[in-house]
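The following block contains the structure, expressed as structure tokens.
Chains: A, B, C and D, in written order; residue numbering restarts at 1 for each.
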Amino acid sequence: MRQRFTRVVGGVALFALVAVGAAACKKDDAGPGGTNGAACGLKIGFFGALTGDNAGLVTPIKQGAELAVAQYNDKNKDCTVTLAEFDSQGSADKAPGLATNAVNDAKIVAMIGPAFSGESEAANPIFEQAKLPAITPSATRPSLSTKGWTIFHRGVGNDLAQGPAAARYIKNVLKAEKVFVVDDQSAYGAGLVDEAKKILGTAIVGSDKVTEKQQEFGATVSKVTGSGATALFYGGYTAEAAPFLKQLRSQGWQGKFLGGDGINDANFLSVAGKDSEGVIATCPCAPATAAKGTFVQDFKKKFNADPGVYADVAYDLANIFLEAFQTGKVTRADVQAFLGSYSKTGAASGVTYKWEANGELDPSQVVVWAFEAKGNAWVPAQEIPKS
Amino acid sequence: MSAVTDLWHRVTGFFNQSKPARIGLIVVFVAFLYVLPNREFYEYLNIPGVWIPLYTTGNDMAFVLFTCTWTILLALGLNVVVGYAGLLDLGFFGFFAVGAYTVALMTSPESKLITEYNWFESPYPWLVTVPIAIALALLSGVLLGWPSLRVRGDYLAIVTLGFAEVIRIIAKNQDWILNGDRGIPQVGHPPGTWPDGTPIFQFDAKPYYWLALTMVIVAVFLIRNLVRSRVGRAWVAIREDEDAAELMGVPTFRFKLWAFAIGAAVGGISGSLWAGYNNFVNSATFSVENSILVLAAVLLGGAGNQAGAILGGFLVVYVPEWLRSVGDVFGWPKTVRVFDINLDVSPTSLRYAFFGVLLIVVMIFRPQGLWPNRRRAAEFKDRRQAVVVGEGVG
Amino acid sequence: MLLELDNVTLHYGRIQALHGISLHVDEGEVVALIGANGAGKSTTMRAISGLRPVSGGRIRFAGADITNLRADLRTVRGICQSPEGRGIFPGMTVRENLDMGAYSRRDTAEIAKDLERVLTLFPRLRERIRQPGGTLSGGEQQMLAVGRALMSRPKLLLLDEPSMGLAPMLIQQIFSIITEINEQGTTVLVVEQNAQQALSRAHRAYVMETGHIVKEGPGRALLTDPAVKEAYLGVA
Amino acid sequence: MHFDDLVNGFPNLTTTGLTQGAIYALIALGYTLVYGVLRLINFAHSEVFMFGTFGAMWTWGWLGFGSTSGRPGLGTAIMLIALGLVVAAVVSGATAVVVELVAYRPLRRRNAPPLAFLITAIGASFVLMELMGAATGRIQFGMPPLLPSNPVINVGGWRITPLQLATFVVALVVMFALDTFVQKTRFGRGIRAVAQDANTAALMGVNKGKVIALVFLLGGLLAGVAAVFHNMKTGNTRFNVGFLIGLKAFAAAVLGGIGNLRGALVGGLLLGLVESYGSALFGSNWTNVIAFVVLVVLLMFRPTGLLGESLGRARA
């Protein structure tokens, strides 16, 4: 044992000596990207869960950005931009290292992400320190904009916009008097439901909390059917919402099912199938109509799938950064300044991107729409009034 | 070639015979570990174009090393439980959670203990909370051990697994103090400033790595002394035959509880270090998978040997992180189209599959772990010869 | 020659248990293997039945080399061992235990005949046919073990310490049955500490000491051998 | 505490709990069979189950029944379910045997210690899950609607849907068949013999390798059956669906006494009921806590589970 230990330690030490020797002749790092003024070889970071349990949610978002970059590169073949992926697996404990890696890469002057709120809490302080401008396409926790991060931008409305809007829709449009609320305990889902509850008030006849990865909703279904609710608002993601809905229907519940943008994706329709008919999903986004561009068709062509929720936002955000590069904004500070004065409507999402000082979208630009599932597609139902 | 091996034997022979030389060697090795996260240093672990870089290009090296180090701390703690006392614990990450949450709750200005329950006025500094975190982890080890150590073997595994799951679900419930998935941001950092006045411990993982590495070294020495004492001998006795140990007058329950408590305390240190770095603690980190990963670390390295636990803890973190970048090095395609479906084959996304293969392969060829302790290695050698005819040879 | 061991060695870890054992059993014989505790008798049995791999030498059975054959395939070829400590399946009934003996056979009619034969040989087992094996007394378990071994209709029956832990009367009975089985045409190799009984019943015997065979001869002759007398028969 | 929810929903909670319990029990049998023979927690069993869910789904999809298609007639539905059961059982069974051959058999040949098996099990679980994840883009897939949802029995608040009835009946039939197989047949005796005393079993001519492969195959087949009913019950699957349900099924096996076939049934049903009642009482988010607390408390008083260990092994 002692002998073996010595051998191993010795081996590593020898190796270390060789490495030290080699370190003596190290060449310098490449200087920060874009000092020559060209946008060539710049990178846009994408930060989010690309593997792990939540990858299904984030991968389409990444693909949105990927599509924008690919289209840009097709037009600028001599001076391309790459999308650098940082796979956080959606967890806050993996985020800091990747964030550090991102800020250490001088070629990365813009960041799309982090995709989730939890990892944003851990990664954004690091981006802030390095002044790397970031726009999240999907993290909707309201408190993110109150931390004093100058680099933080949000490409969508936060839970404060969506939750109450969903509640107003239930109250004023559906005129439902018995509402059941369920959330998945995620920061997103619980936040949405908490905001909605404030407006729904006494209309709530029951509530339950489910949990991520849950597959079996028998007890919750039983509560819902027992409560006599005619509408159910679900705060959470497709992964649980779709099986929950199916189990509700198979137990004969006929009420209206509503959810936030967490279920506003093609996969919800595909998983829930016929049961999705009539489901309402709210989204702090305007409908992407054919007039606004060919995003949906392009996405389908490239990835052989329907764009998931926020894929359009990521596409627009990537295009904002690419526009910055094209106009010669090639340092982090330049891009940050560019965002500060930006005000244009995105081609895919139809949202006008104009940011306030705290990084939130200009409230007048935040619209919340209700989409209804009809014939296996999300059909825009109406814009939900602001009060 | 033989000249080289000859030289090698002479060198190792020299080190084996001379204690100062051996200590010197260890000192050099430790010093090497301390300088490792410096970019200038590790990038030259590779000769460009010849080897695959040994450092992690897909993730910040200092961060990866820090993650390795706190995982190693966990592995060292679990090694006491599994390796020395022979108790199968599948919920070890729970103690990490206890440590992390204690620190987060006491050092964050957004902690509910301050904002909602008014237990205290302002956050405590990180350093003050660490002993409390360790104490609470130790206490929770005892509290878990008290009822669960009455069951044995695989039943203990499921009980401890349940314990970790219960902790996670309690943490997940945001109405309680731990604030669920929304978590606790702005966790305090360890104290200290550089000469220019900027804090040492902020977002850069390097100082944390140094701190954690120091903790590992301290833990190794403390556990080593413990194992060589009466306690350690009692553990070995319990591991090899609990009933016999009991008959020989070893108070097995008490010593098993000891193992649990000490393991838990080390896990608590790891958690408090991690919370101090990560700045944000939420329930998502404390999944059962992580407990299993730590157990894999201990057994991969070689249960019952601290060097093995260290090696295992290093590998389970480092290998997947390193695999992130392998695809870029070799220029592997990221997706393959089969039957109109895009299959994601990038090493980044398949890294846990590769890691799984690694676990299987290592266990097949070295079931005792990569670096087992001497006594166990001998036992394994004997076992291997004791195979029933036909299963072994044919 | 039914069974032949040629210079067989066997190791437990680094400890060598058998130092080149050579012995043979002819068809129709009862051969005894005697020796003190730890002489390697049971280890020899395990080598023959295939429970432990040998580290050297050859084992031949009915003309074929079975040195590296899997244990269960040796049973199929006709070696059946009643293991030391009896090895009754405690959760199975007596009937099921007996059926286990015939596990590798498919000839249902013949199995039924053999079952009848065993139950006639051991009437106690017939009384307890539905009882779980774990609830039998020591003697009954020994009978069950022997009966079960017979159910495989072995060419060679290996009996490991059939008298262990039994009252003298039962020992007598067990050995009578061994003789009876042998007379019905089964070759038997029996390992025993009870040298008196074993030698008086065996056609031939081997004496083992610390992993070696030290003596060989007809059973009766060994009974009168002064050295054997002194060492194993307790006669000065 | 919501006692009113428990009281109002009692019939419903009971039926859903028993249905879920039947699925747990089917999977638990896989753990228990392997444990009984090898003393090994087959952690990869959850992925064996997961492969079954995909096997059935792809078969249905191949026949033109996807998540968005309409509900077929009853005859077609029964045909589809039967076909799904066969395919899922074959896929899961084959997966289980492959895991045995690749991850466990080489270790057995080297007489590796139990903990080494635990690690290869974890490794195999990673490999299977990640490969499926990569192959399916880690997204979720919906199931076609098969059985009608209007209840077959509807008496005084007791509403039993065709699916619940089918799950329960099929699960019981399958488990009865397995029990008969293990108790009455020659192979079954072989399994019990190896479980009780592997060496003596070899002396009786039992091929241990074959028995072990058989045990994995049986466990896989049952997991496949469970997979089909899980598919229909939850209406979806994805690459990581196995982990949680596998954990629960393992807990169910321990609850009933791991290694004990009837224990798996009892443990599964009990766990299903406890979860169902418990989540009505405390909220669905506490389901797992309730499950584990019940398990731990039970183990305090009966350290080897409700019915005790093993495939008929007498307790020491």
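By our rule, contacts are C-beta pairs under 8 Å (C-beta built on N, C-alpha and C of every residue); 3 or more make two chains touch, one makes a residue touch a chain.
None of the values given here were measured: they were computed from a predicted structure.
Of the two chain pairs examined here, A-D and C-D, the one linked by more C-beta pairs in contact is A-D.
Taking each chain's centre as the mean of its CA atoms, C is the chain most distant from subunit B. We define each chain's centre as the mean of its Cα atoms; on that basis subunit A and subunit D are separated by 35 Å. Centre to centre, using the average C-alpha position, subunit B and subunit C are separated by 52 Å. Subunit C and subunit D have CA centres that are 43 Å apart. Our note on geometry: subunit A versus subunit B, Cα centroid distance of 32 Å, whole angstroms. Multi-chain contact residues, meaning those touching two or more other chains, occur in subunit B at positions 169, 172-173, 341-342, 349, 352, 386-388, 391-392. Residue numbers of subunit C whose C-beta contacts span two or more other chains: 50-51, 70-71, 73. Residues of subunit A found to touch two or more other chains are 51, 55, 185, 209, 211. In the complex of the two chains, the subunit B residues touching subunit D come out as 82, 88, 147-148, 150-152, 154-155, 157-159, 161-163, 165-166, 169-170, 172-173, 288-289, 292, 295-296, 299-300, 303, 341-345, 349-350, 352-353, 355-360, 363-364, 367-368, 380, 383-384, 386-388, 391-392.
Every residue of subunit A that touches subunit B in the complex is listed here, in rising order: 1-3, 5-10, 12-13, 15-16, 19-20, 22-23, 26, 50-51, 55, 85, 87, 90-93, 96-98, 100-101, 104, 117-118, 121-122, 125-126, 129, 141, 147, 185-187, 190-191, 209, 211, 303-304. Contact residues on subunit D toward subunit B in their complex (touch as defined above): 35, 39, 41, 43, 102-103, 106-113, 115-120, 122-131, 133-135, 137, 199, 202, 208-209, 243, 247, 250-251, 254, 258, 285-286, 288-289, 291-293, 295-296, 299-300, 303-305.
Residue ranges on subunit B touching subunit A, taken from their complex, read 11-12, 15-16, 22, 25-26, 28-29, 32, 40-45, 47, 58-60, 62-64, 66-67, 169, 172-174, 180-183, 185, 202-205, 274, 277-282, 284-285, 307, 324, 340-342, 348-349, 351-352, 371, 373-374. Within the complex, the subunit D residues that touch subunit A are 2, 5, 8-9, 12-13, 16-17, 19-20, 66-71, 133, 137-145, 149-151, 159, 161, 163, 230, 233-236, 238, 240-241, 243-245, 275-276, 279-280, 283-285, 287-288.
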